[in-house]
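There are two complexes below, and they share chain A, which is joined by chain B in the first and by chain C in the second.
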Partner chain A sequence: MNLTELILELVLMPFVAFVIGLGMVLMMRKIAARLQRRVGPPLFQPLYDIVKLYAKRTQTSHGMVHDIGIVMAVGGYIAAETLLPMPGMNGIAEKGGLITLMYLMMVPSLGMALGVGQCANPNGSIGIGRALTAMLAYDVPFVIVVFGVAWHFGSTNLVSMIDIQQAGGISTWGAAQMPLLALAGLFTLHGMLGKQPFEVYIAPAEIATGPMVEMSGKHMGGLFVMQSFQLYTAAALYVTLFLGGGENWLFFIAKCFAVLAVPVSLAYLFPRYRTEDMLRLMWKWPVLVGLVGLAFVMR
Partner chain B sequence: MSLNPLDTLFLLAGLNLLAMLLIGQWRGAGWLATLFYGAQLLALFQFDPSQTIQHSAFSIQHSTLALNWQFDALAWLFAVISVAAALAASWYGAGEWLRKYTGSRRLLHSALAGNVLAMLLLLASGDLLTLFVGWEATSWAGFLLMALGGGSGQKPAREAALKYLVYAIAGAMALLGALVVLFQAGHSFGFAQAQASFATMSAPLLWSMVLLFLLAFGAKLALLPLHLWQAPAYSETPAPGAVFLGSIVGRMGLFALAVVLVKLIGIEHLADLALPFTFLSAQDLIAWIAVLTIILPTYTALKQNDARYLLAWHGIGQGGYMLLGLVLGTALGTAGGLLHMINYAATQATLLMAVFAVMHRVGHTDLNNLGGLVARMPLTFLALLLGIISLAGLPPMSGFVSKWMIYSALLQEGRPLLFVASVIGTLGTILSVYKLIHNLFLGQLRVEHEKIDEAPLSMLIPMLACGLFAFVTGAAPVLILGWVAAAQDSLGLPVLAYTLGGVSSPRASLDMLWVVGVLFASFGVGAVLFYGIGGKTQRIHQFDNYAGGHFLTGEMRYHYSDNFYAGLMHLIGGWYRGSFLWLESAIASGVSLVANAAGGWYRAVSPGFYLLAATTLLLAWVLL
Partner chain C sequence: MSALKDIPVRYETPQTTGGNPLANVFDEFIRFCRSRSLFMLHYCTGCGAIELPPAMTSRFDMERLGIQPMVTPRQADILLVTGYVSVKTLKRVILTYEQMASPKYVIGICSCTVNGGMYWQSYATAKKLNDYLPVDMYIAGCMPRPEAVIEGLRALMDNIAAGTSDNWKDYYQRYDHYLANQQRLFGETWQTPTDVIGEAKNYGVIGPQTEGEHTRLLSLHKQPLEPLRMTLNAGRLERM
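This part shows the complex of A and B:
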């Protein structure tokens, strides 16, 4: 591949990811609305929200780190998208691989944590403390899944994982070969998204939305963009590891939305777990299922 | 006669020590020492790390025993990092810091110079006897540096240093025991003879040798359960001492373990050595000790409320990663372990210098009584930020590259539990370093800190230089992977085939040049989106806020710091049982009981009886 093509891919991949992510935000809100017998927002509402937040006249900043935190949060995800293959575009996926992606996905979280910390609001700090604890909760089953998948495919290269699954058909998909790991992965995905019942770090009635408490205007808009990326990244990664990646755009987008619909639909049926309950849950069931799945993969 | 680079190095280190002993009290002595370390670093770069072994002209011969010194690529690598750490530490403490220092300057400078000389002598050991001598010199020099903190009660430096001494002497006895056994087997202290003796040694004897060496060198590396002394001993010393101790001194244990376990015994031999009644080998046992050394001290760090202690506990944990990588024995794993030693030295030096800069300005490092300092010390904040990203092992810093290598090696070797356990250590590190930067630099600035200044330039330059080193070697690992590959070669390990940006293989590839390039381009796009689009942001004062319906004032503490991870501690808080403290105190009580009993008995019974008993026993032994 020549350099121009690669640079074009590096520009296109985050952009496409963002657009799909906006669609996912819409789907999430629609599902919530339907479960609560409401109509839900119109098609372009996520976009309107971002435009509104960026265009607000009152934009308060608590200092440089507050701003840079948002830059890191958005920038980190833009970089992460170039490591996650899309149909026809691999970006720099082969120069990084699964472990690099896993760690790069922590950079936006760190950025957000720095930005929130600078706001000097204890509700924000408590929220970040809880969010990082949540990461400790869901990342333990997640690394078990990562190990199992990488061992199964014999590589951490996401492109070669997709190639293997697409060459062999549905029976070679990660989900067919490693059903237990796929189940544990779905659990992890739910925790990673921070949706109910795992949203104790937002807890609006208790800590006034936690990390978002001092965010308004562009800062909130930045977090909205980050959420769109986050939804896409989590879903696309799951599709890559377990559902054969994207043969073409239609299948790819359909799979991504379908994967995301599972945790999002479940989310609104549950109350909220406390932090220690989330830890207990994540360290018990997905870890157990994941370890059993791992034992099957490595036998 | 012309001096070879090794002799020049020893000469410079010796002259430095002499100068500091003579004129260490002088105000400019810190700068002179810094120049000496700079000269030593230059002398080191006169070597070619990939060259064959270079011998010193200096040696000591007595009957059949000889002490001789030589440098190979492994020793060179550790020497470069040691001297560079001393250079940074000395520079840091040479300017304004020294003017405020109330202790003895001569003692501080001489202790640092003595440590460097002792460590160079250890690293250059040409045989096991020289290694023992160097090991002892390093231990005592380290004690001197640790004891500088002095004090008691609230400042337990001296007690911690004494505790270290007990561990060091126990370790030395273990080492002596191992060397005696080895000499019995091969009638020589030479490396080649030791290698041959290990190859033919019976399993039980080899096991006891491995355990003795682990006891001897593991105490310095603070491997579990020999780790309790390190955090207080390293934290309480004056800033340059703490920076030097924290970044490299403990790693001498790693060097010695690399020489003995990898070069002399060999990883394959360890993998074949089965632990009786289990399915584990000696290699597995050491890997699990390393992983426990990663996890338990890291989660102890999470609970610290003093920034220096927090970093010192992480230092113990990071040593575990190095040993884990090394004991895997593969090209990728051992490269990761050795690379982590380099990366971590730069990272820890940056972090400690930033924390001690806060201490220099504010007077303490209590994480519950600080906050918001980014407004007053932005460059120190930047250094700490670089440091924590590297310590947590996230891109784009160098700490990520070495941890990536260790993870990938564990993956390729099919070690799932070790892999998961080492990632759990990394996750704990992320939690802990966020608490560090949050409680120091973010949030509400206290009223009494509103007028403090940024750290002085003499402290900022080495701090930022170390941070920059950790960044540049993260973006372009090729700069130091050559050193690592040469060290692997000198240990007789498979050598890592590296590329410009890291590693390229079908099973795991990493090109940091691209990853870092794309990451920074993305930050650029993020910045354009934030600053270029939408309304103009307005900076507001930290008290332009309200809590519970009241406006904020300076008297109202509005910074969340204590029990930072309350939810986590709710679950795992009960798991901190202080078992190792209990074990240590139980051993100490046991030993003191035996000592008291023996002393009491000696006083109770006439000494003449002992003389008679000893003579009778001696006669019996001679006759029978």
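This part shows the complex of A and C:
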């Protein structure tokens, strides 16, 4: 691969991911609306929100670290997109691998923690404290799932994982070979998205959206961009590990949306858990299922 | 109806530059996005608040117009004041308004925000909201039904898309006028943590009436903001 092609892919991959992510935000809000028997937002609503937030005339910044925190939150995901193979575009996925991707997926939460810390709003501090505890909760089953998948395929290279799954057909897909790990992974995905049973760190009525409480204008716009990246990254990683990646764009996008539809549909049926209950739940069931799955994989 | 036409209407036509038809495309796109994405902070002071849940939920569904509730002033575009504002509440409403990011819009719902409504004779309520804050849209009624609320919001959306709803600039440009009314209610020592004049200078929306005799009082009483004292005995209320 020559340099021009590589640079083109590095630019295109985050951009395409962002566009798909906008669609996912729309799907999430549409599903919520339909479950509540509403019509829901129009087609370009996520785009309108982001353009409007970036076009605010007055900006409230609480200092340098507040700004850098948002840049870290968005930048972490932009870097993660270049490590996540898409149909026809691998970017630097072969050189990065699964472990680097896992690290990069934690950067946005830490960036948020930095940015929120400088706002000095007690609601924000409570929110980010809960968010980082939630990260602790879902990262344990996440690591178990990732370890099991890497053991099964004998590599942490995402490109070779996709090749193995696509060469062997559906019976060699991660979900068919290690269904228990796939189940635990789906549970972890739900926690990672921070959707309803696990959204106590946002809690709009109690702590006023927690980490987002002091974000206005461009900062909030950055977080909206981050959300669309987050939905895409979580769904695309699950598709890559368990559903054979994308043979072509049509299958890839269909799989990503289907994976995301599961936690999002479940989300609006539940109230929320407290942080310690989430920790207990996450460290009990997905970890248990994941460890049994791991035993089957390593036997 | 002929008398209605005689009322002078202030209307500034958007500036066009040099006959280039594409010059304002980007501005128009931004105005369109602003009108189609309104985050609403409802300051539910009175009975009008009860009409908002039906407007938001499945019967009337505001989200199809891009309007959704937000919970902090930093994130919001619209400040909805739904009912009478007592003098004590008005302080909080003004503090909330000044924390919002411009462009921001104020909507007064119910007759109480228009002229005091049934609380006209009360000594404790502010009668006209637009003496203290630049109101963009009044939705009159006691109380207005959800249809009326949505009608009012649609009218506001049309104004924003046309670029005529910029009363947030009026607050900066005639700050002395608004501050005079606020000081009349709250006393001469009234001040907010937000530096409105500094913001007006920074964003270039300063007007001839931004500063005046009442803003001079502001600098007279200005106290620097002090950080909260940190204590270690958590769980017990600290007497400050």
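Here, the second predicted complex is superposed on the first by the 299 of 299 C-alpha atoms of A that agree within 3 Å, B and C clash if a C-alpha of one lies under 4 Å from a C-alpha of the other, contacts with A are read in each partner's own complex, and residues count from 1 in each chain.
What we mean here is this: a contact is a pair of C-beta atoms (placed from the backbone, for glycine too) under 8 Å apart; a residue touches a chain by one contact, two chains touch by 3 or more.
In this text the structure is predicted, and so the values were computed from the model without any measurement.
*Asks:* Could you let me know whether more residues of chain A are touched by chain B or by chain C?
*Replies:* Here the partner covering more residues of chain A is B.
*Asks:* I'd like to know which partner A:G75 touches here: chain B for first, chain C for second, both or neither.
*Replies:* In the superposed model, A:G75 contacts chain B only, not chain C.
*Asks:* Does chain B (first) or chain C (second) touch A:G217, or do both, or does neither?
*Replies:* In the superposition, A:G217 touches chain B and chain C alike.
*Asks:* What is the contact status of A:A236 with respect to chain B (first) and chain C (second): first, second, both, or neither?
*Replies:* Neither partner.
*Asks:* Based on the superposed arrangement, let me know which partner A:R29 touches: chain B (first), chain C (second), both, or neither?
*Replies:* second
*Asks:* Looking at A:V107, would you say it contacts chain B, chain C, both, or neither? Reply first, second, both or neither.
*Replies:* After superposing on A, A:V107 lies in contact with chain B but is clear of chain C.
*Asks:* Give one of first, second, both or neither to describe whether A:R274 is in contact with chain B, with chain C, with both, or with none.
*Replies:* first
*Asks:* So, does A:G63 touch the first partner chain B, the second partner chain C, both, or neither?
*Replies:* Touch status of A:G63: first partner only.
*Asks:* Is A:A55 in contact with chain B, with chain C, with both, or with neither (first, second, both, neither)?
*Replies:* both
*Asks:* Could you look at A:M135 and tell me whether it touches chain B, chain C, both or neither (first, second, both, neither)?
*Replies:* The first partner, chain B, only.
*Asks:* On chain A, what residues does chain B touch that chain C touches as well?
*Replies:* On chain A, the overlap between the chain B and chain C contacts is residues 55-60, 214, 217.
*Asks:* Touching chain B in the complex: which residues of chain A?
*Replies:* By the definition above, chain A touches chain B via 10, 14, 53-65, 67, 70-79, 82-83, 92, 94-97, 99-100, 103-104, 106-107, 110, 113-114, 117-122, 125-126, 128-130, 132-133, 135-136, 139-140, 143-144, 147-148, 150-151, 154-157, 160, 200, 214, 217-218, 221-222, 225, 274-276, 279-280, 294, 298.
*Asks:* Going by the contact rule set out above, which residues of chain C touch chain A in the complex?
*Replies:* 29-30, 32-34, 36-37, 57-58, 61, 63-64, 66, 70-72, 74-75, 77, 99-103, 199, 203
*Asks:* Along chain A, where are the residues that touch chain C in the complex?
*Replies:* 29, 33, 36-42, 45, 47-49, 51-52, 55-60, 204-205, 208-209, 212-217, 220
*Asks:* Considering only the defined contacts, which chain B positions touch chain A in the complex?
*Replies:* Per the stated touch rule, the residues are 371-372, 374-375, 378, 381, 385, 389, 392-395, 400, 404, 407-408, 411, 414, 416, 419-420, 423-424, 427-428, 430-431, 434, 437-438, 442-444, 501, 506-511, 514-515, 518-519, 521-527, 529-531, 533-540, 542, 545, 547, 558-561, 564-568, 570-572.
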